[in-house]
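I have placed the structure first, in the form of C-alpha cells, so that the comments after it can refer back to it.
Naming follows writing order (A, B, C, D and E), and every chain is counted from residue 1.
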Amino acid sequence: MVMLRVERIEVFYGNVQALRNIEFEVNQGEIVTLLGANGAGKSTILRTISGLIRPRKGRIIYLEKEISRMSVEDIVSKGISHVPEGRRIFPGLTVYGNLEVATSSWRKRGASIQDELNNVFRLFPKLRERMNQLGWSLSGGEQQMLAIGRGLMSRPKLLLLDEPSLGLAPKLVQSVFETIKTINAQGTTILLVEQNAYAALQIAHRGYVLENGEVVLHGPARDLAANENVRKAYLGG
Amino acid sequence: MNTSGGALIEVEDLGIRFGGLLAVSDVSFHVSEGSIHALIGPNGAGKTTILNMISGIYRPSRGKIIYGGRNIVGLPPYMVTREGIARTFQNIQVFEGLSVLENVMVARHVRTSVNLLSTILKTPKARREEKSIADKAVEALRFVGLADRKDMDAMNLPYGQKRLMEIARALATEPHLLLLDEPSAGMNEAEVLNLVNFINQIREKGITVILIEHNMRLVMKISDRITVLDFGEKIAEGPPEEIQNDPRVIEAYLGTENGYA
Amino acid sequence: MIQEIVSGLSIGCIYAMTGFGFVLIYNAVGAVNFAYGEIVMFGGYFGYLAIQSFGWSLGLAFLFSILAMAGLGIFNDYFAYFPMRHRPVVTVIIASIGLSILLRNSALAIWGPDPVKIKSFVGDQLVHIGNVVFPLHQLLIFIVTAFIFVGQVFFFSRTSIGRKLEATAQDQEMAKLMGIKVNRMILLTFVLAACLASIAGFLLAPLWFLEPDVGLYIIVKAFIAIVIGGFGSVYGLMAGGLFLGVTEVLVASHLTSEYKDVISFLILVTVLIVLPQGFFGEKVAEKV
Amino acid sequence: MGFTKRQMIVTLICFAAAVVLPIFFRGSRYYMNLFNLAGIFIILTFSLNYIHGYLGLISIGQAGFFAIGAYITAGLTMGLGINYFPALLLASIAAALAGVLLGLPASRIGGHYFVLITLAFGEIVRLIILNWKEVTHGTNGVNNIPPPRLGPLLIESRFAYYYLVLFFIIVTMVVAASVRRSKYGRSMLATKVGELAANVMGINPLSTKLINFGISSFFAGLAGGLYASYIGSISPEAFDVDLSVDILTMTLVGGSGTIPGPVIGATALVFLKEWLRAVKEYYMIIYGAGIVLIMIFMPYGIMGLLRRVRDVISSREVR
Amino acid sequence: AILFFSTAAFARIDVGVIGSMTSGLALLGQRQINSAILAAEEWNAKGGINGEKTKLAIEDSGKSTTQAMTALDRVLAENVCAILGPIYSFQLFAMFPEINKEGVPLLSTSGTRKLTQMGNRWYFRLYPHDGITKRAYTLFAVEELGCTRPALMCVTTEYGKSGYKIIMDVLKSKGIKPVAVTWHEKSDKDMTGQLERIRRAHPSCIISQAHPPDTAQIIRQQYELGINIPHIASSAASMPTVHKLVGKYMEGVYVEAAAIPNYDPDPKIQAWTKKYVKKFRTRPDSFALLYYDTANFLFNAIKAVGPDRKKIRDWLEKNSYKGLAGRYKFDKEHNGAFFAIIVQYHMKNGKAIPTVVKKYDFTPE
C-alpha cells in the first residue's frame, strides 16, 4: 500500500527553484532512501513533506489525504516525524525536556512516557547520563543522538531522517542503522536521507537519486548499489 | 613518526571541568610541525572541547598549551588566531547576510594594520590594504574551488560548500596550525575523496593540521599520528596502523564489525 | 528599619507581580514585551471603568476586567506579535514599543490624565504589629504574589505545557515539528499574561493609583528586577523584585533620596558586570 | 569597491535637491524649522544606525548621548567662551567617550540586556542633568545659547542654519559610507551575526563594539550640539526615553543598516508627526499604531520596501 | 477628554493657545485649554470682540521643548496677535527668544519664579509665582502653626527645586533650619523611605512641594505610617483628584492655593465652575480658573486696542483687571497676581471640604 505519494512538486526559495517536478512514493513498511550530491535538494524534499515549506506546484498525498496544504502541527499529529538537518536541539531545555516535548502530538494528560524514554536510552545510553544537561552544551554527536531520540519519542508512523549518522562515531553509526532497521521491522515506515550512501543502500528497500532538484534514477536499493554511476558519484569508487 | 621537525604545539596535562563533569582530564600530546595529527574518540569524548581550549574559547581548569615555545592558555580567541592558529567549526558558523567573499575577507582583518581614522579618510594606504584583503580572500576561495560563488549570500550555500568556505576562511588568516573539526561531516564518499586531496595540499603549504574526524577511511588515509580519547582521557596514541588494531580503540570507538562505515 | 523593609518588600511584590506576565510572554516568544506595563495599567483601568461608569461592585468589576483583558491579550497577539512571528525578534520588540505608545495614549484619551484609584478588596484598614504599620492591602499583595509565584514556578518546572512554551520560544519551527500547536500556545500565553495583568492592576491601583504613565513607570522597575534576577527565571524575578524594592526604600531613607533612581540603575549595571546572567539566569551559549 | 555609477548619480541629484530646496521655502519659518529639525534627527538616526544596523542591538538610550553633546556644547560656548565649532567637536568627542564607557559593560552582554542597559543609561543621564543643578540648571535648563559663529559670520537665521546642518549631514554620510565598506564595517557585521566565530577569525569583539559605540555616540553628540545652538534652550525634559524611541522608530522606518535609510526615516517621521497634529490628542495613538503597522508591513523599512519593488521590477525584466 | 473647538469660518481675531494635550503633562494643560475655549466661546456668543469673532489656534506642546517650538511656529504662522502659553517653564524658556524676536505677547499661568526674572518684555505671568505662594505657606507654617522644626519634601522637578529655594529663604529669614529635607521623582509611587527619614528627625510639621499624584502619595502615607503632625501642602493638594486619592487622610491638611474654584462660596465662581464641569465633564483647578481670567484679560486688551501685538502689550502693562479669582495688575517684572490663600481641609460625608484659614496679599503698592 502506498503510504506517501509526492506528485510533481516544485519548490522555490525566493526566485531560485530548488525542486523540479519531483515525483516518488513510499510504501507502508518500507525504508526508502534519497541520494544526491550537496545541494541536490534532499533536505528540501523532507522539509516540504513535513510542511515547513509549501510547494508552489504539485501535491503530497499521505494515507490517501492531501497534506500539502496542512499546517506543520497537523501533519505531525498524523504521525509524520521529521528529524531535521542540523540537529536543531532546543538549547535551553535539558535532554529530558527535549525528549518530553517531542511527545506533544500524542500524549494525553498525565500519560507516562517511560516506555519511549527507555527505548531511547537503550539506544543511546549516553543520553541517560546527560539527562539534566542543557541541550546547547552537548557535544555534536550527543546532540545528534538527542535529535534522533526526539524523533522516536513522537511514535511516528512515517519517520523522515535527514542525515542521522552525521557526526556519530563509527560504532554508533552501526547501531543507529541497526536501530533504523529494527524500528522499521516493528512497523515504522522510513524515508532516509544519508551521505553515507553505502550504509543507506544496505538497509533500504528502494532508493531515488537526485540531481539538481530532479529525480534522475530510481529502483531497488540493491540495483542502485550495483549501478556504475551511483558507485562513482556516491560510493567513492 | 614521519616528520619534518620538532613539535609545533604541545598539550600538557590539559583538563577542564563543567560543573560536575570532568570533560577532559590530563590529556597530553605533541604535534610535530608539518604533520597531520588526528584526534578521534566516541561522541562526547572531549575532542571539540580540546580544540576549544586551544583556540581560546574555553579556559582549561589545568594544564598547559605550549605553542611556538610559549604557553598560550589565557589568550582570547582573536589573539590565538593572530598567533597563527586557525580553525573550522563542528557546528558550521557562517556570517549570515555577508557574501561568501566578505565571509572570507573578515578573516583577513587580523593581518591588517590601517587605523580607523585613515580608513574613514580613505587614505591611499587604506585603499591599498582594502584591495589586498579582497585579493587574498579571492585567492583562498580559489584554493577551495568556490571562487565562482563569491558574491552569493553565504547562508544559501549548500551544507558541504559551507564547510569548504570555512576552510577557505581559516586559511585566509595565514595560519601555521589549522584545526579542523569534522570537516567531512555532510559530505558523501566522493566528496570526501576530494577533501583528502585538499588536506594534503594544505600540508604541502607547510601548514600543520589537527583533525577531528569520525570518517575512519579519511583519518587512516592521511594522518601521520592519531590520538584517541574516551571519557575525556587519552586511551591511545600512535600511527594509524597501530591504532586501527588497538583492541581498546576497537572496543570503545570503532566497533567490532565494520559493517556500515 | 523593619518598617522600611516591610514596605520595601511590598513594593518588591508589586514589581514582581508586574513581571510575572512579562516573563511568561518572554518565555513563550523570546522577546521583551515593552507594552506589558501598559497592559497592567489597562487591567486596573478596566476595573475602574466597570466601577465608575457601570456602577458595578468590586467583584463584578474584577470579573469584567479579566474578560476584557483576555480580549486585550488576543489583540496583543494578533496585532503586535502574530504578523511578525517569522521575523527577527527585534521587530517584535519594536512593535511592542509601538503598542505601548498606543495603549498609553489611548488610556489618556479615554480616562484623562488624572490619577484615579480603585478600592481594595480588603478595604483600607491598617495593620499594626509592634511599631510596624501597613495597610491590610499590602498583606493581600504578599499573599497573592506568593500564590502566583508558586503557581508559576510549578507551571514552568513541572508542567509539560511550560516546557512546550520554552521550546516554542527557542525554536518555533522545531516546536511545530514536535507537534506543538505553536500559535495556539502563544495566544494562550498572551491571554494568560493579560489576565495576570488584570490581577496586578487590581493590586496596584489602590496604593499606587492609575494614571496613563504608571505602566511605563512600573515596567522600567520590573525590568530592573528581571535583569538583576536573571532573564526568564521566575525565581530571579521574585528575588530581583524584592531586592530592588527594599533597596529603594533603604537608599531613600538612609542614603540619598535625590539620587535614589540613579542608584537603582547603578545596581543594575553593577549586577550586569559582575553576574551577567543575574542571580538565577541560566547560561545558554553557542556551541561551536 | 565604492559606489556604482547609478548610485553616484542618484546621490548627486539628491544633494543638488537638498541644496536648492530651502530657496523655495525661505519665506516659511515653519518649514525651515522642520527641515532643520529633520536634519538634526538625520544625524541622530545615523548614530543609532551604527548600533542597530551593524551590531544588531537595540538602544533606547541615544537621547543620553544627544543630551551630553547638547549640554557640553552649551557649557563650553557659554561658560568658557570657546568658539562654537571647537566646542562642538569637543562635545562630540565627550559623547564618544561616554559611549565607549557605556560600551565596556554593555559589550559583554547581548540582546535584551542591552536594551535595558541603554534604557538605564539614558535615564541616568537625564536624572543627573535634572539633579545636578549647579552645572545644568536643573529643569530650567540652559537658555539663550548663542548661535554659532564662523569667523565674522553669525549663523542665526533658520536659512543659514540649514546649510550648517546639511554640511554635517554630508560629513556623517561620508563617514557612514566609508565605514560600511571598510574592514571595520565588515568586522561589525560579522560580530553581529556570530560573535564567537568572529572572535575566532581574529576579530577583537570588544574593540569592534567599542569603536562602533564610539562612532555612534560621537554623531549623537554632534546632533546634540547642533540642536542646542539651534533651539537655543535645552532642558532635561527634551532628552527622555520618548526621544530615544523616536530615534529608534526613525532608524527602522528608513531601513536600518543602510545609508539612505536614516535620511528617509528621520525626514518621514518629523513630517509625519507634524501632519498628525491635525488629529490633536489622538496623534500619539496613531503614532503608536503606526510603529506597529510599519513593523508588520515594512519590517526592513522604506529602504527594504524600495528594494523589494526593485527586485520585482528587475525580475520582470528578466522574464 | 477635550472637545474640538472651532468657530465660524469668518473669524477674524486670531489668538494662539499652546498647551500640553498629550503625555503626562496633559494633566494641567488640558484644563487650561478648556478655559481658553470657554472664554472665547462666551465672547463669540456675545457677538465677538468689537463685533469680530475670535479664533483660537490651539497647538499641542506635548512634553518636549522641540514640540513646544513647532507648536509656536504653527501658531505664529496663523498670525496671531497674542498667545496663551503653556504652563511648563522649560517650554516657556525655549519660546522666549522667538517671542522676543517676533514681538508677540505671551501670557501664562506658571508659578516658576525665574520666568519673570529674565527681563522678557513680552511675557506676562498671571499666577502668583512661587515667591508669593511658597512665602505664604511657609509663613503660615511658622507664624500661625508655630512650627519651628519643619521637614521639607520636594519633588525633583523645577517646580520642586525653585519652591525649595524660596521656602529655605523664608525659613532662614525666620532663623529656622529644616530638620530634614527629602526629594522624590514626580513618578515615584512610594514614599516610605523619605517619610522614615523624616520620622527619625522628629519634625513638628511637614511642608511639601510636589505635583498631584506624588502629593497624594505623600499625604496618605504620612498618616498611614502614623506620623501625626500637621502637613502643609502645595497647591497640587487642592485638586479634587488628589482628594479622591488621599481619602480620609485629607482631614486637617493645609494647602496653599491661588484659588479654590470648586469650593469658593463666591456665587460667580460657583456659576463658572458649574458651567465648566457641564461643558468639559471634569472639575477645574485653580490654574484653570486663573487661565480663564487670563484669557478674559487678554480679550479685554484686544477689545481696547485691537489685535495689535505691541499695543496689547502696552495696554496690559498699564491696566488692571478684576477677574473671578482676584485682581490682576502687572509689576515691573510682569508678575500679575499676588494673592494667595491657605485653606484647611475637613472631611464631611467622605468629602474633603476646604475652609479658608488665612488670606495673603502681597500686591506691591
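Here, a contact is a pair of C-beta atoms (placed from the backbone, for glycine too) under 8 Å apart; a residue touches a chain by one contact, two chains touch by 3 or more.
Because the structure is a prediction, the values reported are computed rather than measured.
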Number of hops, subunit A to subunit C, where each hop joins two touching chains: 1
Let me check something: if the centre of a chain is the mean of its CA atoms, which chain is farthest from subunit B? E
Gap in Å, rounded to a whole number, between the CA centres of subunit E and subunit C: 35
Distance from the mean Cα position of subunit D to that of subunit C, given in whole angstrom: 32
Cα centre of subunit A to Cα centre of subunit D, whole Å, reads 49
Subunit B residues touching 2+ other chains are 48, 57, 89-91, 93
Multi-partner residues of subunit E (at least 2 other chains): 1, 22-23, 26, 30, 156, 183
Mind pulling the residue numbers of subunit C that touch at least two other chains? 105, 108-109, 258, 261, 286-288
Note: in the complex, subunit D contacts subunit E through residues 28-30, 33-34, 37, 127, 130-131, 133, 138-141, 143-144, 231-238, 240, 242-243, 274, 277, 280-281, 283-284
Residue ranges of subunit B in contact with subunit A within the complex: 18, 21, 41-49, 90-91, 156-161, 182, 185-193, 214, 216, 252-255, 257-261
Interface residues, subunit C side, partner subunit A - complex: 160, 163-164, 166-167, 169-171, 173-182, 282, 284-287
Once bound in the complex, which stretches of subunit D touch subunit C? 52, 56, 58, 60, 105, 108-109, 111-113, 115-117, 119-121, 123-124, 127-128, 131, 194, 196-197, 200, 241, 245, 248-249, 252, 281-282, 284-285, 287-292, 294-296, 299
Residue numbers of subunit A touching subunit B in their complex, please. 13, 16, 37-39, 85, 126, 130, 133, 137-142, 144-145, 163, 165-174, 177, 195-199, 202, 232-237
